[in-house]
Amino acid sequence: MVLLQLLVNGIQTGTIYALTAIGFALIFGSTRIFHFAHGAIFVIAAYVFKFVIGDLSLHWGIASIAAVSAAVLAGLLVNFLIYVPIQRHEGSYFTVFVASFGVVIVVQNAIAMIFGRGFVAIETSLSNAVEVFSGLFMAPLFGIVIACSAIVLTGLHLILTRTHFGIALRALSQNPELVRTFGLSTRRLSAYAFVLGSALVVPAAIFTGATSGLNPSIGLHIMLISLVATIAGGIGSIWGAACIALAIGVAENLVLWQLDTQWSEAVAFAFLLVFLIFRPAGLFRLASTH
Amino acid sequence: MSVYLLNIGVFICIYGILALTLNVLIGYAGVFTLAHAAFFGIGAYVATFVAMNFSASLVIVLIASVLTAGILSLIIALPALRVRDEYFVVISLAIQILCVTVFSEWRSFTGGLGGIVNIPLPELFFGTISTPMEFFLLALGCMAVITVIIGLIVRGSFGRSLMAVRDNESAALALGKNVARIKTLAAALSSGLAAVAGVVYAYYLSFINVQSFTLDTSVLVMAMVIIGGTGTMFGPIVGAALLTMLPNALSYVPFLPPTEIGSIQQILYGLAMILMMIFRPGGIVGRSRSKRDEK
Amino acid sequence: MRYGSKEAENVVTTAISPAQASSDTAGIALRISNLSKSFGGLQAIQDITLDLHTGIITSLVGPNGAGKTTLFNTITGHIKPDTGTVQFEGRSLVGLPPWKIARMGVMRTFQDLRLFMHMSVEDNVLAAMEPRSWFWQPAGRQANNARRERTAAILKETGLSAKSGSLAGSLSYAERKFLSLARIMATDARLWLLDEPAAGLDPPSYELFQDLLRNQVQRGISVCIIEHNLDIITAISDRIAFLDQGRVIAEGEPSKILEDPKLIEIYFGGGQA
């Protein structure tokens, strides 16, 4: 049952994509910064995890903490050293985007120089697939990915709807003035958005390392998916981004039923083009004061 | 003149053309695109196809390449430019990646991953172009002509239309400017002329393959435009010269391992892009950060 | 920026008295019928019916949030109305893209100016003057020169000659307001919708502004202006339309409207959003 296998694979891939995309959607949605360097944060988190658990042979808990710390630190550095100075004097999306892109290039090549350009994988027995029934192979990792993303998404939803912090974050993109009148610092909120968004990337980075493997240019690929998902899902809608990302993952795998692997990347973009031409506002449009 | 220098000269001109044409979109129209390498490739592949199957005459090949790239760009741009600027970046990324996939898969036209070899020499009415000096003059000539064409257009009313659209699209609309048409024309001009670089490239190397037309190349040309400066005509050329000579310059630095030069190069211009955006968004040739006073 | 009365004299010819531009004799430039627009449940404008007469200045007044700017946006095509029609010189505007409406002769300025900040003052005006969106303008070099001369004349009228080569972003507040006006003067629009064009100007600048406007109206331009400043409104309006909560609640001669106690109360007291 090839199709079913592809579907299962697709759900796994899509869930991982969704985890990455919501981090970007959160940052872009609340700060309106075109944070292309999100892909660089992903790569950093993934390689730090791999280094700690593989080369240093430490427990995965320690590796996770290291990865989260690295991701959050990197996200904050990019925000304070690069975005804030730019926004102080000009801050057009173009300037920010170019600088962000520069970060991706630097990180990608630095990682290539340190860790090499080939594919590396995070070795774990959890990724060994078991034949569940005739023709269908699933690994325990699948269950972990699904469970983890359910926890993360629920947690994020609760934070954004039930806590003051979360509501302020959502208000930030719609109406920065309103946030200021409530005595909150927009700059500090933005920083928190980066902290949360960067941390969100870590589970996806770890899972990617365990499933399809890592290489330095994976940041770019992940970034494209996140971008497409955020845009097609509708700016400001984290659920929209998650849904589209999941759909892209599924479609990427289903496409393999008929076409070669080279075309699977094109799938994501076919999505984007279709959406942008027919529904430019995205899947879940949020009214915003422009 | 030394063949080595002429070689660098040819590449500076080729990338100079790419940077100049990209600047029409990025610097003057304010349209940020990552698909420039795709049109570079389209120019090169069409040139190769025509030269190997019909005629190696330079004029015919140039016309075919420029027209193909321009028309394809029109077709893509017409729907794509309707969307918001930020979205267009992603669409251009999509186009770039799709083109690379097509370049890799359409073996009968592009030779697939292996590329095409034995591209004939360009023919003009007085003979063929074969020596390094002749190629350099060809490349230089093309860059000069394109500089003039773009200069004329950009200094005239179309340049003002472009900049108006860049500076404030809604105001431009309210003053009667057909913004969609302006952007589309700019895209066609930019992509069509970028194909010239592809023609020169294909003829000069006698060999092309998809590796030269990937996203990396788009990013490299973008770095040239940004580092050189977007607001002027000569900024992109300066940027092209700098970044083309960079790998050669790096090979002279003693303690750098040769296998890592590619990465180091990219790190350097990545850093340059970041620093430029923070301290000197106008680029090397452009204005410095005194824009702050204008707010 | 101060304007001496000498400059003002050069600009003013003869003033039109409101009586001469009475609605009985002038034509209708813009006819708005039953125009409505709501944004997700919020009714911004409701059932607006209004005529803008040719060759006079009509002021749109009303408290904040009354829907004045929304009305402008709907006329110019930036927003699509839910119901209603807009007719300019007999032709319907609803559904047309903004640039087409602008080409037909209806142009506007913005409350936040929206100048081309990285272009020079001269280029701002030239860009507005050049109609075609192709690579070259029609009628070649001669027309080009004529345009440059006309640009210089406009810059002189608006007092911006000295700043002709400066970037729009480097101008003072008052200079920017006048540049916004200069841009629309450069077009061949016959109906101007000006959104708070004089807000924040000092009294000498008011004078120049009023004189400029009167001058244009004399040349046949119809003007509709959103304005809060009562001095300006009383000085230049030939007719006034009063909007509140998305509806036109009064329209007519300035003397009638500005003395109506009910309207005064709404304007200064009542409808605060």
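Of note:
Chains here go by letter, A, B and C, matching the order in which they are written, and residues are numbered from 1 within each.
Note that a contact is a pair of C-beta atoms (placed from the backbone, for glycine too) under 8 Å apart; a residue touches a chain by one contact, two chains touch by 3 or more.
Owing to the predicted nature of the structure, the values given are computational and were not obtained by experimental measurement.
Closest chain to the protein centre (all Cα atoms averaged), using per-chain Cα means: B. When chain centres are set by their Cα atoms, the one at the greatest distance from chain B is C.
Centroids of chain A and chain B (each the mean of its C-alpha atoms) stand 31 Å apart.
Taking each chain's centre as the average of its CA atoms, chain B and chain C sit 43 Å apart.
Centre to centre, using the average C-alpha position, chain A and chain C are separated by 48 Å. Within chain B, residues 291 each touch two or more of the remaining chains. Across the complex, chain B meets chain C through its residues 153, 156-158, 160-161, 163-164, 166-168, 170-179, 181-182, 185, 189, 231, 291, 293-295. Here chain A touches chain B in the complex through residues 34, 82, 85-86, 89-90, 93-99, 101-106, 108-110, 112-113, 220, 224, 227-228, 231, 260, 262-263, 265-266, 268-269, 272-273, 276-277, 280, going by the rule given at the top.
In the complex of the two chains, the chain B residues touching chain A come out as 26, 30, 32, 79-80, 82-87, 89-91, 93-94, 97-98, 101, 104-105, 215, 219, 222, 226, 260, 263-264, 266-267, 269-274, 276-278, 281, 289, 291-292.
Residues 76, 78, 97-99, 102-103, 107-108, 110, 114-119, 123, 126-128, 130-137, 167, 169-170, 183-184, 187 of chain C touch chain B in their complex.
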